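In what follows, a single structure is set out as structure tokens and then discussed.
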Amino acid sequence: MAEIDASIAARKPQEVNRQARTAWGLATPALALMFLILLVPVVVAGVLSFTNYSLGNSGFDWVGFKNFDRLFSRSTYEKMFIATFTYVVVVVPISVALGLGAALLVNSLGRIGDVYKTIYFLPVMATLLAMAIVWEFMLHPTIGVINQTFEMSCGTILEVIPFLANGCADGFPLWLGDRDYAIWVLCFIGIWQGFGFNMVLYLAGLTAVHRELYHAAEMDGAKSAWERFRLVTWPALGPTTVFVVTISCIRAFQVFDTVEAFWPQGGGPNKSTYVMMFAIFEKGVQQNLIGIGSAITMLFLVFVMFLTLIQRWLVERKVHYG
Amino acid sequence: MAGLSISSVTKRFGETEVLKGVTLDVADAEFVSLVGPSGCGKSTLLRIIAGLEDPTSGDIAIDGKAVTGTRAADRNLSMVFQSYALYPHLTVAENIAVPLRMRSLSAVQRLPLIGPFLPGAKEQRSEIATAVQSATEMLEIGPLLDRKPGQLSGGQRQRVALGRALVRDPAAFLLDEPLSNLDAKLRVQTRAEIAQLHRRLKATFIYVTHDQVEAMTMSDRIAVMMGGEILQCDAPSVIYEDPSNIRVAEFIGSPKINILPVELANTEMTLFGRVLGYITEAAQAGIYQLGLRPEALKLTQAAPVVTGTVAHMENLGSEVYAQIALANQTSRVTLRAAPAERRNLRLGAEVGLGFSLKDGLIFDADGKRQRRVEVAVTHEREVA
Amino acid sequence: MTRDIWKHLILILGAIIVLAPFYMMLSYSFKSPGEIDRGTGGFFGAQEMMVDPRCVKLRDPNRDEIAAAAPQYPGRSDSEIRNAIMAQAEIDCSTRPVVFNYTKAFIEAPLLRYLLNGLIVTASIFFIQVLVALPAAYALAKLKFWGREAVFGLVLFCLLIPVHAIALPLYIMLAKVGLTNTYVALVVPWTISVFGIFLMRQFFMTVPDDLIDAARMDGMTELAIVWRVMLPTAIPALLAFAIFSIVAHWNDYFWPRIVVTGSRDLFTPPLGLREFKGDADGSFFGPMMATATIIVMPLIVAFLVAQRRFIEGITLSGMK
Amino acid sequence: EDKVIIEFAYPYSHLFDVTYEAMMPAFKEAHPNIEVKFRATYESYEDGTNTVLREAVSGNLPDVTMQGLNRQAPLVDKGIAQSLEPFIAAESDFEKDGYHQAMLSLSTFDNAVYGLPFSISLPVGYYNVDILKEGGITELPQTWDDVIAACKTMTANGIDNPIFWGWNITGNWFMQALLWSQDKAIVDNGKVTMDSPEALVALEQMQEIFTECEMKNLEWKAALASFSAGEIGMMFWSTSALGAVERSQGDFELVTGPFPGLEGAPKGLPAGGNAAMLTSTSEDPAVREAAWTWLKYITSGDGAAEVAKTTGYMPPNKAANEIILADFYEQNPNKQTAVDQLPLLRDWLAYPGDNGLAITQVIYDGIERIVTGDATDMEELQEELVEEIADLLPNG
Amino acid sequence: MAGLSISSVTKRFGETEVLKGVTLDVADAEFVSLVGPSGCGKSTLLRIIAGLEDPTSGDIAIDGKAVTGTRAADRNLSMVFQSYALYPHLTVAENIAVPLRMRSLSAVQRLPLIGPFLPGAKEQRSEIATAVQSATEMLEIGPLLDRKPGQLSGGQRQRVALGRALVRDPAAFLLDEPLSNLDAKLRVQTRAEIAQLHRRLKATFIYVTHDQVEAMTMSDRIAVMMGGEILQCDAPSVIYEDPSNIRVAEFIGSPKINILPVELANTEMTLFGRVLGYITEAAQAGIYQLGLRPEALKLTQAAPVVTGTVAHMENLGSEVYAQIALANQTSRVTLRAAPAERRNLRLGAEVGLGFSLKDGLIFDADGKRQRRVEVAVTHEREVA
């Protein structure tokens, strides 16, 4: 008995080693690059967040937690949190749901669905800088198509809708220049731009669903599309959904390009779209206050990491792999 | 409870024609086995009946009503898939409960959180639990109820698939090789359970199997399918004893039937130049094929019809199959013998074989059964 | 069929909303500046002749040049001569807006060169990303090893890192090794795609273990399994990743503008847009939209090709 | 023969590419041994500054760079831009080259010249004569009170959008315009004068304009489009946008007029535009000499003439007028307006310290609150701004 | 070509102990069948031998060398998976070629574009093509070479999986129910092909099957596994005729062996109160179990040992199984009879049964075979 135990003890680590060695071997290039390209800069940023470094200066002073201290005392930063959260809370669920919905509809149409697939994916493919300009024109308060379309409804029966009635009376919203609307426009464009990508991810996920399972579901009496979805599709999409939600969340937290394109200065009317990434950019790049920019970055990381952990903890438990 | 009628169903996958006009009527409460070589179209036919695949042409009627265009879910059939198709994210118990939940609980009652508290839901849920319980006990997977399919052995998965099909009471059961991965003991037992279920529910069964014992013992009729056609559909004993086609005769029965060439000239029937008998009615002269089941051949010392040497032996414990290489011929015949006769059957031993011509089946050169050829036997050579 | 009509209705409504900006973009790429700003001219614009201001400005004569031209315009005052020269210039420099916009896009911004740069950069990035990410994703999805959770956690953490926050340290690192203003600088920071690792890992999780075991029995090394089994069965996921990576880097504006401060020869396509950007001094929207339209074209073509490969249910069809 | 290569970077390609293209042939002829390599253009002034800062750290600065006028100070502070005095001293007839003294002073720090201005703009009024007529206005306003009165008349006559006032131009340009109008510098002796009474006057004046005229908070692209489309009666903006406005101008008559003042004409106006700075890190005197040659060329004489002809900016150098026609401005009356205002030219000031740009943003945000109606009490706003700015000042 | 040695291998999945110390030595070139009820751990054992799963404890040696820590790919074994595990993206031909390509082509030669043009690659590729060709012909899937697995029937997939395993010449073959989805004819044929391959290659085979005919006919030895242990591993005839455990006896043989309770008191052995014989050597008195194979029972009119009525009949064509409800007992026995005897076996008919005690197997109450109990037979009751 003792002998056997000894042999187990002697062998076990060696065997684990074998898989582990291969695994580490496979992961090493990725890990090395991750450290060099992502983690080292983050550490640098972490160090800088305790300084008052500004690009072009020959040195810097240590300022302790002053940069962090600042973050919590100015009303601007409060607006930053509000804008960021509003964006995330609105964009993530809607773009995930629309992505899933579009994927399911498109998938159920077979070949014809390809047309929609391409169309819905267009916003993902287009250069944001150009699209932002188009949106600016479309959202132009007077000559933009959107308000002009609304104006067409003036004097018609549609005016019973309060929004249209108000608009016809007092003018339609300024959209981008309107502090009440700017954030919603931002959300809308975020969804417009992002759901197509979620759709493609879900389409990829759908290819991993065993077709025979749909047949089994049919035989089991799952008559409605919804029942088949609940029974087969949704569980099979679990891994995809984890991915889509995580990524959508992170991307929503990292929203920046649109804000910069629309409001290169200041982050929207009354800072209503002053999202976190823009703050990092404004401080760290535009205003060349590397210390504060780094501090916001650190805060951002801690913050998003925390939320990602919670979310993963909630979602991962329910997901079935393979 | 319903009869099925399949009329001239064809199915093409691209270029290949998989079903070439299948017609089959299954009476209410009948148990029909579908046998045939691998790839002949059995699963495809089952899937067409189920409504999972559209036939290229032809019609299906259930209980007299054409179901063309009716969705699978509305045909009220139950099916075991050859590949099991278990829901990977559900436990064994949940997998088996699915068809019941889908059909007996309303959409609202199935809701995850509030569902259980709706009126009537509780009783129905416990009814379902009972049904699942009894199905799993019957299939001996009771202890596995909380496992996911990924944690089961092959045979256990198959039993779950079977459980999911049998837990309901549908118009008809379509079972695609439901026992292929079970051991003999369990198979016999499950076979008996299915037979009993059949009697109890009086349900229609279409049962695809490769196991002839299953087909022979369970079925009211066996449909032998080959190359996308049904060659013969008849009671098991008829299929075995009175096949209408040499392909059916060859397919059914293990070891395979022995086929020997016989010649008919005038009224004489000869095998390897030796007269076996005389035919009473005139038949076209020419080469015919004589089919003899392994059990029709008997070892004999006295005046054997053919002689040969033992070329190969297979001992199944309960019986022995011997392959005899015929003297002066290239062909071999297989003989089924009792274990007791093993001593006569050492490899290389010279043996004489006899048979009774009335056990022989005569086919023409194309393989069609010649029932009209009646042979007046001249010399019986049976051994005691 | 009625079900399908209902689906089409929803999808078409969505398509209209999605397409509206593209309709505008295409339309703007045809129109003259005035039509764009005024929102007139329908889809294709009136296509009235317009003057290429740059061409005209280049022909605006100096005092010396007017003096030189004087003999051709006998008896005219200097300013009359200038007027005449400018009038001629305006005639010579007139084009249709659509021609104007697209020639600007291709000539003023040497867009072909930029497109080629874009191709080189995105292709190299994607190639290296796949090379690096897939083995890691496979290890994370299918191999058991000590520290797996930690590595995966690290991947998730890296996913959170915003490029804008680390751009500066990265730029300085690259500058220190003298790589700014090279293709390398455009490619290297993106060679690691934690996004790709995460995505492929999620899809690899759904590949049946038996398939991998079969490959092992067939004598494949773990690396061979990655390329010969995991990759083909996760083709749709790889395509999704390809689309993501290519779209992101083809359209990336932020990073190229940071590292490419030297010659314009290294510009990627979106940087071509900046040629027409003037902020408060007014931008040139027509050529800008023409450029944007041209930039997105290769992506659309690539997507159309790629989506043919989204095959249904490939993963499990070899299993019982 | 020895070719000297110098590297040069500038912002806004579509505005200035043509300018350099026009001046290159003459330069090449004059200095065949100097090859100018154009770097990627800056996307904007901000981008220009950031790029140079980055390049300073990584050590690949261009030899000559064009920087926004209000961005020179930080580069001088950080020791990136180099004094031009040694070169000026070596030139025998430098003054003769005829820079407007006012312009030269824009680039003078601690009595040393660090940059030579290249293109200059001033705030002016753009007027849509058709709308003004429709609104019942016949005379161009001279003071903000006139403007407000005009607004009211126009609104009464059914004009929806009487005005757009370019408060959102970068670097608090219009805020500085209102302060310079009162002859007050926004930075005085290293102090930001937001706490001065003049600043309060400026804030209140803005509030009056925004509210009384019911001005919409438009983003600048939207504003330019609206004006070009003939939707806005009066737009106060930089002269430099003239080209763009004319290009897409609708079917209406456009005139430009001088920038109104608080009481009477303004006493001063901030200069916009950019200046050439020497940032060469080369040790080779030949390169430095070539850089200076180029720098001098583009800001004087032939070079400057092209600025006038090809852009909406004013040339930095009187010599330009010798090269372009004297009646150039007569033919381009809308460009004349800015020239007329040249005597008012004042510094576009940068705020001191590393936080200079942050202060700009604070003031920008403050003004935005006025436009959006978020801030109503100007005194309170002033207090808040002063406090925040104090926080950001180097010794604050 | 190598022997395998499995020593006290255990395997746990979380709480459940699936293998409870399996020890088995397989000689070089030996063909061992592994049979046992579904879920007993056969596939798990195979996967452990293959190196796909690590044993919780215990060791595997191939050809005398411990392979602990050797990767599956380096053990040079060939395996058919119960779930087939075909590469879904490769055609049938490519699927079968994979193991050859992996092992005979170098990494460079395998490259998609340039590979075919490298020196030596061409010959090797054509060698592979030939090997694939002959494997597919043997398995009758020649016409399907260009299909993807998704376009195949269940049996065809199984044959591809088999082809992929058999195309190589490994140290040992591990086959997990490789024929379960094939029809009888094809199965017999493939069985013969495998047997022939075994003889030709002299390779070691471990063959998991539920089909006793397969196990009995192909194996050198059969290992009967139950509940994670190997109960007996012996030659087929020994397993059938001389099982050492009642569970083995019950598991092997279809229909199942009949077990009747016998009592031993003094030297008398009694069945239902009737003396069957006297034991020669003294044995512990008590209740024993007498196992009688269905073929050991004979119909007899004269002085039957037991009588009963025919309760159930199964006609397999070649033979008949009759279940006889014993008179005054609750138990039934199964009888294997020739088709000719069917007339005596109408349902409900009263029949008498006799048997020769030397065909009986005696087990103690725990099921252990009692070989020492020799019975001196008092009255033989065999029928002719």
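To keep things simple, chains are lettered A, B, C, D and E as they appear, and every chain counts its residues starting from 1.
FYI, a contact is a pair of C-beta atoms (placed from the backbone, for glycine too) under 8 Å apart; a residue touches a chain by one contact, two chains touch by 3 or more.
In this text the structure is predicted, and so the values were computed from the model without any measurement.
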item: Chain whose averaged C-alpha position falls nearest the assembly-wide average; value: A
item: Contact-richer chain pair (by C-beta pairs counted) among A-B and A-C; value: A-C
item: Chain centre separation (chain A, chain D; CA means) in Å; value: 38
item: Centroid distance [mean C-alpha coordinates] between chain D and chain B, Å; value: 93
item: Geometric centre distance via CA averages, chain C-chain B, whole Å; value: 62
item: Distance from chain E to chain B - Cα centre to Cα centre, in angstrom; value: 21
item: Where chain B touches two or more other chains at once, by residue number; value: 82-83, 154
item: Multi-partner residues of chain D (at least 2 other chains); value: 44, 54, 57, 170, 221, 225, 229
item: Residues of chain C whose C-beta touches two or more other chains; value: 36-39, 168, 208, 283, 313-317, 319-320
item: In the complex with chain B, residue positions of chain E that touch it; value: 13, 35-39, 42-44, 82-83, 151-156, 158-159, 176-177, 180-188, 210-213, 216-217, 236-237, 239-241, 250-256, 293-295, 314-319, 336, 338-339
item: Touch list for chain D against partner chain C, complex; value: 7, 9, 12-15, 17-18, 21-22, 37-41, 43-44, 47, 51, 54-55, 57-60, 166, 169-170, 220-221, 224-225, 228-230, 237-238, 240-241, 243-245, 247-250, 302, 305, 309-310, 312, 322-325, 327, 330-331
item: List of chain A residues in touch with chain D within their complex; value: 52, 54-57, 76, 133, 136-137, 140-143, 171, 174, 176-179, 262-266, 269-271, 282-283, 285-289
item: Partner chain C, residues of chain A touching it in the complex; value: 16, 19-20, 22-24, 26-27, 29-31, 33-34, 37-42, 44-45, 55, 98, 102, 105-106, 108-109, 114, 116-131, 133-135, 137-138, 140, 143-145, 148, 192, 196-197, 200-201, 203-212, 236, 239-240, 242-243, 246-247, 250, 253-254, 256-257, 277, 280-281, 284-285, 290, 293-294, 297, 300-301, 304-305, 308, 312, 321-322
item: Residues on chain C engaged by chain E in the complex (per definition of touch); value: 208, 210-211, 213-221, 224, 229, 232-233, 235, 313-320
